[in-house]
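Pasting the structures here.
In the two assemblies presented below, chain A is common to both, partnered first by chain B and then by chain C.
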Partner chain A sequence: MQRSFIAKNPSILIFLALLALFTLGVTVLSEGFGIGVISTSFVKTLGKTLCLCLIAVAMDLIWGFTGILSLGHFAFFGLGGYMIGMWLMYERTRMIVVDSLSQSEIPATQSEIVDAIGNQIFGVVGSSEFPLIWIFADSLFLQLLMVVLVPGLLALVFGWLAFRSRVTGVYLSILTQAMTLALALYLFQNDSGLRGNNGLSGLQNLPGVTASQDAVSMWFLWASAFALGAGYLLAAWVVSGKFGSVIKGIRDNEARVRFLGYSVEAYKLTVFTLTACIAAIAGALYYPQAGIINPAEIAPIASIYLAVWVAIGGRGRLYGAVIGAALVSLLSSWFTGGQAPDIPLGVYTIKWVDWWLVLLGLSFVLVTLFAPKGMGGLIDLWTDRRSPDRHGADLGPDAGALREQEAEQ
Partner chain B sequence: MKQLLLAALAVLLVCFSATAQETSIQPVLQEHQETILKSSRKTIGPAIDAIAASGLPQAQAVLEAWANKEMWSRESDGQFFKGEEAEDKQVRLIDFDTGDVVGAIAKSDLKQLKPNSGIRAMISTALVRFQLMDPDPAKRQDALTSIQRDPEASLLEPLRASFESETDPVLLAQKQRLERLLTIGYDTDTSARITAIDDMSGDLGVDLRATLNPLVATTRAVAPEAVPEGINVAKILSPGEDDFTEAQAYDMLVAKGLAPPRIPDDAIRNALADNISGGRVAGFPLAILDNDENRRAAYIRLAEEGLAPPFVTEEQIQASLGQHVFFDSYADRSPEVTEAAVAALRKIDTKVGLNQSLDLVLDALSLASIYFLAAIGLAITFGVMGVINMAHGEFIMMGAYTGYVVQQIIPDHTISIIVAIPLAFAVTFAAGVAMERLVIRWLYSRPLETLLATFGISIALQQLAKNIFGTQARPLTSPGWLDGALVMNDVVSISYIRIAIFVLALIFLGVFLFIMKRTRLGLETRAVTQNPRMAASMGINPGRVNMLTFGLGSGIAGVAGVAIGLYAKVTSELGSDYIVQSFMTVVVGGVGNIWGTLLGATMIGFLQKGIEWLNPSNTLAAQTYMIVFIIIFIQFRPRGIIALKGRAAGD
Partner chain C sequence: MSTLLEVSGVSVTFDGFRAINNLSFSIGDAELRAVIGPNGAGKTTFMDIVTGKTKPDEGRVIWGEKSISLLKLSEAKIAQAGVGRKFQKPTVFEDQTVEENLTMALKKPRGWMAVLTYKPTASDRAKVVDLAKQIGLTDALERKSGELSHGQKQWLEIGMLLAQEPRLLLVDEPAAGMTPEEREHTTDILLEAAKTRAVVVVEHDMEFVRRLNCRVTVLHEGAVLAEGSLDHVTSNQDVIDVYLGR
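What follows is the complex of A and B.
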């Protein structure tokens, strides 16, 4: 009899339980619904971290399981944010404009309202016309659809082009990096239609919602937690079945999978597009909590940090990605936020604001060299699961294959 | 015209006086005594012209003295002298004709002539004709420069007259060129102007274009029904065509007072708002005024009641547009001249266009050599060894900072650059070897991990540089002999520093080829890259070879850093600005082949400059389109322009 995939992967239940416990804990301690131990800004940080965990899960799916090191997933994350940001900004500006126009004696015409919104939104880039890409901005439903469709379509086209011409390995990484760089540079222009380097702002205010930020931040935390749980479940389901076996096969030896008759390109494209959509959803939840999105967010460095999180957390296991993203991003904001105490060394004082990146970079090198399993490896130690010692013999034939640590999964 | 008549008159007058007394200038001065003493800008013209045209050698001295406020008039008899102030409020008078001292006289008996700035300008214009024939070439050059700066019709004759006596061929050429330009601008004879335009057409000088452009500049005007007589019309315009919209045309009519102003939407709105009474405007309830049609209807009724200016309908606008003729006209009255000027400018434009493309090619070439410099180290570490080194950009940065530090110690720029280049090589070579030994060696079989580990090093190095040198840009000053530019004509020029970078790129190419093809290290490197085990069994130590090769690639990146630092500012982000382009260059060119890298750099450089030329205001868009182009290019040649074949391709 086939066991259900949850029974095969008890870690899913543990993860979901921990996530639920965490959410409940934050709710109880929050300012909005609980006793007020955790400040609203920290609730927002936690909510954003959950979104980063979600995109880390997507990254793990594409890198840890399919073996494609994409250095461009933050492009999809950012696009998702832009798509939801367009509606938030349009709707909020519309309400303000309608409100202010209703003060005048003569009722405003439709075109007056649209012109005034355009002036409000695009005044900073010296324009007042609505570009074509804002055509759906007045409809929440369509714009929510765009959150998934636009990044999904970009991933589909880009992936199709890249995989079709059999660009693999580091070439693909560089190509994805070029893609996100191109997108960021494009958005930096004032006439890109998305307000150039000003980006979209004021996204934390939900139009038509009168509740305080304390409550809104909790809503977003719940939504993020739910999305992370659902995304985790989806990713776990994808990798546990036959589909999962094929993509792991592609990771370990692409040629062999192809010779077995699988359409490698289709599998890769599916995973690439799926993860792009997950990343976009994560972005759509992230930026309303951050309040502002600008093209710097999708610069190539962001996507590389994503790879750093997953690598430190431990790729090839979904909870590893979550742990890595949560830990490194929280530590990062702790160190760069100036909260970490300085270390006086007599002649020189180590300020963590300056030295955190050095520490991160070096620890990243060390993790790659000495703990390729990442922090997920610690859980192996705890569950007393050891890789068989093969005295250096290959388990997989491909140089890039993850060998020993995969043997048991 | 008036000026010329006056000048002719003056010449006639002078002729009489000159025959009467050939050698003295005093009679000329006396003749114009009144005007000279009156010193009014409006009337002084004939006096200056008379002096200048007297043909006497003293004229120049008189004018110079006058302009320098050294001319005095003796009150007793009205004679003019050059005066030098002496002690006891006395002035020593010098005769203009003989140069002898006449004697010293008390200031109170004299009147000093103090020409105002307007008169001084006229005097200096008159002086130019003397300066044009001055024995001192520097003075002649000055005169030419002043004519160039401030051309005038009256200077044409003296300029022509000065050809004969000119001995310096360079100055003569300058004079002739200037004469042609002045002829185009100021000659009274139309055919002479056209001949001058024809003579000069095809010349690239900015001065020629500056002369021709005012001739072809047009002003837009409107007239009822037909174009007035005597206007040199460039083009009759019809509203709604050729970038001349009906709105612009109507605005012109309104500005000229030929039509009532259009009532814009917000004026309608304001008029309606001003006339609200009891929740209604002109009988229309307020609630239905939320669209343009109802508002217009209400406004028209308001206008009918005389409460607002009448509404101008689209038909009225069309009718008034139809009643007027719109045209562009030239300032110059002569159609032949403007036609010739337009033709000449068109010819010049073609030539300028050709030269601009040459300039663009040079620009692209220098950009390509910068990309090549940035990528050549990568061509070794990534192209030959297959190691992804994301810290390559930081090696470039280290080289640039080494150059900066050396310049702090050695102030002489030439020596410091000569010292900095080997030092930068040494520093980055050492860094590269250390990195290979400590990190990359353990990751040879895992390329993706190499990418990540070197990226970790990259962010650590970048932050370290920030901590040491701060975030502001540090200057790396190039030696003085690299300043300036090689100017071919007014359109094409290239700065020496770009030439130097180009030369450096060629040297690097040579060095790379020499090392790879002609040395033991190159042979061993190629062997180890193709098959490390086989190479090892031939007695090559692969570890050592890898280490040295990686060090070499890093060292070259360091030297490239010094060159790039001279061209751009040195910041901690210097390297990361180039890293994606560098990888692109290597990937587009074809991994493992230096010629491929060269072609890749050339292609990317030309592409970027080409796109920038199409859309000059937007370098960001240029980069975006370039990357998109590269992504598409990789579709067709996934292994780059020059793909390795057979065993060398590895796999």
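What follows is the complex of A and C.
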């Protein structure tokens, strides 16, 4: 009756093996370490996609397993990016400033250096003073800590307020949208201390690293693959045991869990905060590969895309979230990158750059209506997993409860 | 026999409708009690109040030797204090196996950290197997509970309640939708449970109540109308007028 964690979830091993194989393949084909078939910019796209897969795993944990449709997790993703971006920008600017000041005859004092860095970074928003939030920006260690602490704390406070008032269902979704919108609007202001709509830029250049982008892009791909593997393993472990039973119970029938003596609010808060931290780590790996972060990244629509990826991939199964995020975001960059051929219809030419969103919206509607299992349903053909016949009944009374087709017999 | 639960002078109003009206009720440590009453008598609201789902407008609900007020506690804390509840409609976690359902209900620390690192011990597993035997689901341990029949779900829920090891069991219409044999089995389980704890059974079915052979409380319009043995209350003229006569 008692089997090991891996034996109970053979999909974990398969997933990790495929991820390792993918990473190895990209390495061999890359410009930095291999035969140069894959361009560095495409390596970056792949690395970024791995980060998006990681946040999709977090989304599946909160939505697919706990039943909370959070439409604000990109706020945590973006905050993670900002936190690492602050150090990257500070340190790189400091090195340039120190370098240029060393030419002068009188050695520059510490405060002169800091002033010059401030001038460089904040000149674009008409300021030169370092705001208080940059206090740790000179320390990589502290700023890495902030990557997890700041989004984690925001999630903790927001979640505590929302869950203890028993806000659920669509109202909670709207509340999370409001959170990410408010954060984006705040960051758009020039005096928010994070350079307003300019955002932080030049993040692809690691301070003190002379290696070319060909190599750096591979480092980040490896780091992203490792983070995705670790995040997947963590999520699979969290949902496998009794904790998984409790959160799945909350998804399907929250009141019943309460009468069993479990504090539903504490569990929701735990999962919300944990997934916020995972999202933040994904963001901290994503933006150095993207090179730039600005407040538009955490606009409400980003978090809605996240839900669409997980829905298309298949909710309530971790590999489904990964497949959905990878497929949709890669397709999206193919269509919007101008690579997809236009379709001339005589009177009208379909340009995919304009029509991609329509296609995405349509496929989301079609998946929701006709293939509720999502892409994961294709895997079922192979693993012979079947849905129970419940004559259309959900698996619990709550709004987020698993639907008949999503369940496993 | 000391008092385990004492409800006194409790009233609740929903949008002007007085669902519970100055209700007083008490039950001892190891006692079986049946609560009967016509629809709208306040039976379910009474359970909601004891389990913390509904907060009353006035009155007191006192629990245990230390005389704790349950009104200040959350549902989860009340359940942890030892109040178990079975709903009218069988509510089990349908996406999870019988074993997972029972394991979740076992009396163990309920905090998220303890649950995250929980590993079932040999005695936990033995307990689950033992409970499954008691409720006749030994062969179904690995099955998803959503596949079970209505009666089996009822028992699984009773099994989950027993796994919680509550000091007070509140059972809402346990025999609804059961065959005569299943009813008999349910009666046995309840009688057995009542030897070591307090059990309150809300029931419509007089035959079932007669088989329980216990003290009966009749509710009407949110207050106690009569209390005593079944024969005593059924011969009470008020009870006949509002309930049995119809």
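Criterion: the second predicted complex is superposed on the first by the 394 of 409 C-alpha atoms of A that agree within 3 Å, B and C clash if a C-alpha of one lies under 4 Å from a C-alpha of the other, contacts with A are read in each partner's own complex, and residues count from 1 in each chain.
What we mean here is this: a contact is a pair of C-beta atoms (placed from the backbone, for glycine too) under 8 Å apart; a residue touches a chain by one contact, two chains touch by 3 or more.
Every value quoted in this text rests on a predicted model; they were computed, and no experiment measured them.
Aligning the shared chain A places chain B and chain C next to each other free of steric conflict. Between chain B and chain C, more residues of chain A are touched by B. Within the superposed three-chain model, A:A108 lies in touch with chain B and out of touch with chain C [touch as defined at top]. Of the two partner chains placed around the shared chain by superposition, neither chain B nor chain C is touched by A:V239. Within the superposed three-chain model, A:R166 lies in touch with chain B and out of touch with chain C [touch as defined at top].
Looking at the shared chain after the overlay, A:V308 reaches chain B, while chain C stays out of its contact range. In the superposed model, A:L50 lies in contact with neither chain B nor chain C.
Once chain A of one complex is fitted onto chain A of the other, the partner contacts of A:T368 are limited to chain B, with no touch recorded for chain C. Between the C-alpha centres of chain B and chain C, as viewed from that of chain A, the superposed structures give an angle of 100°, to the nearest 10. In the superposed model, A:F259 lies in contact with chain C only, and not with chain B. Least inter-chain distance for chain B and chain C in the combined superposition, rounded to the nearest angstrom, is 5, based on C-alpha atoms. Remark: chain A residues 69, 104-112, 158, 161-162, 164-167, 169-171, 173-175, 177-179, 181-183, 185-186, 188-189, 300-301, 304, 307-308, 311, 354-358, 360-365, 368-369, 372, 399-400 touch chain B in the complex.
Those residues of chain B that touch chain A in the complex are listed here as 265, 269, 272-273, 276, 281, 286-287, 289-292, 295, 388, 439, 442-443, 445-449, 451-453, 455-464, 466-467, 576, 580, 583-584, 587, 618, 620-621, 623-624, 627-628, 630-632, 634-636, 638. Contacts from chain C toward chain A in the complex involve residues 51, 53, 74-77, 79-80, 84-85, 87, 91-96, 100-101, 103-105, 110-112, 115-116, 118-120, 125, 144, 146-147, 160, 164.
Across the complex, chain A meets chain C through its residues 1-2, 238, 241-243, 245-246, 248-249, 252-253, 255-256, 258-264, 266-267, 270, 388, 390, 395-396, 402, 407-409.
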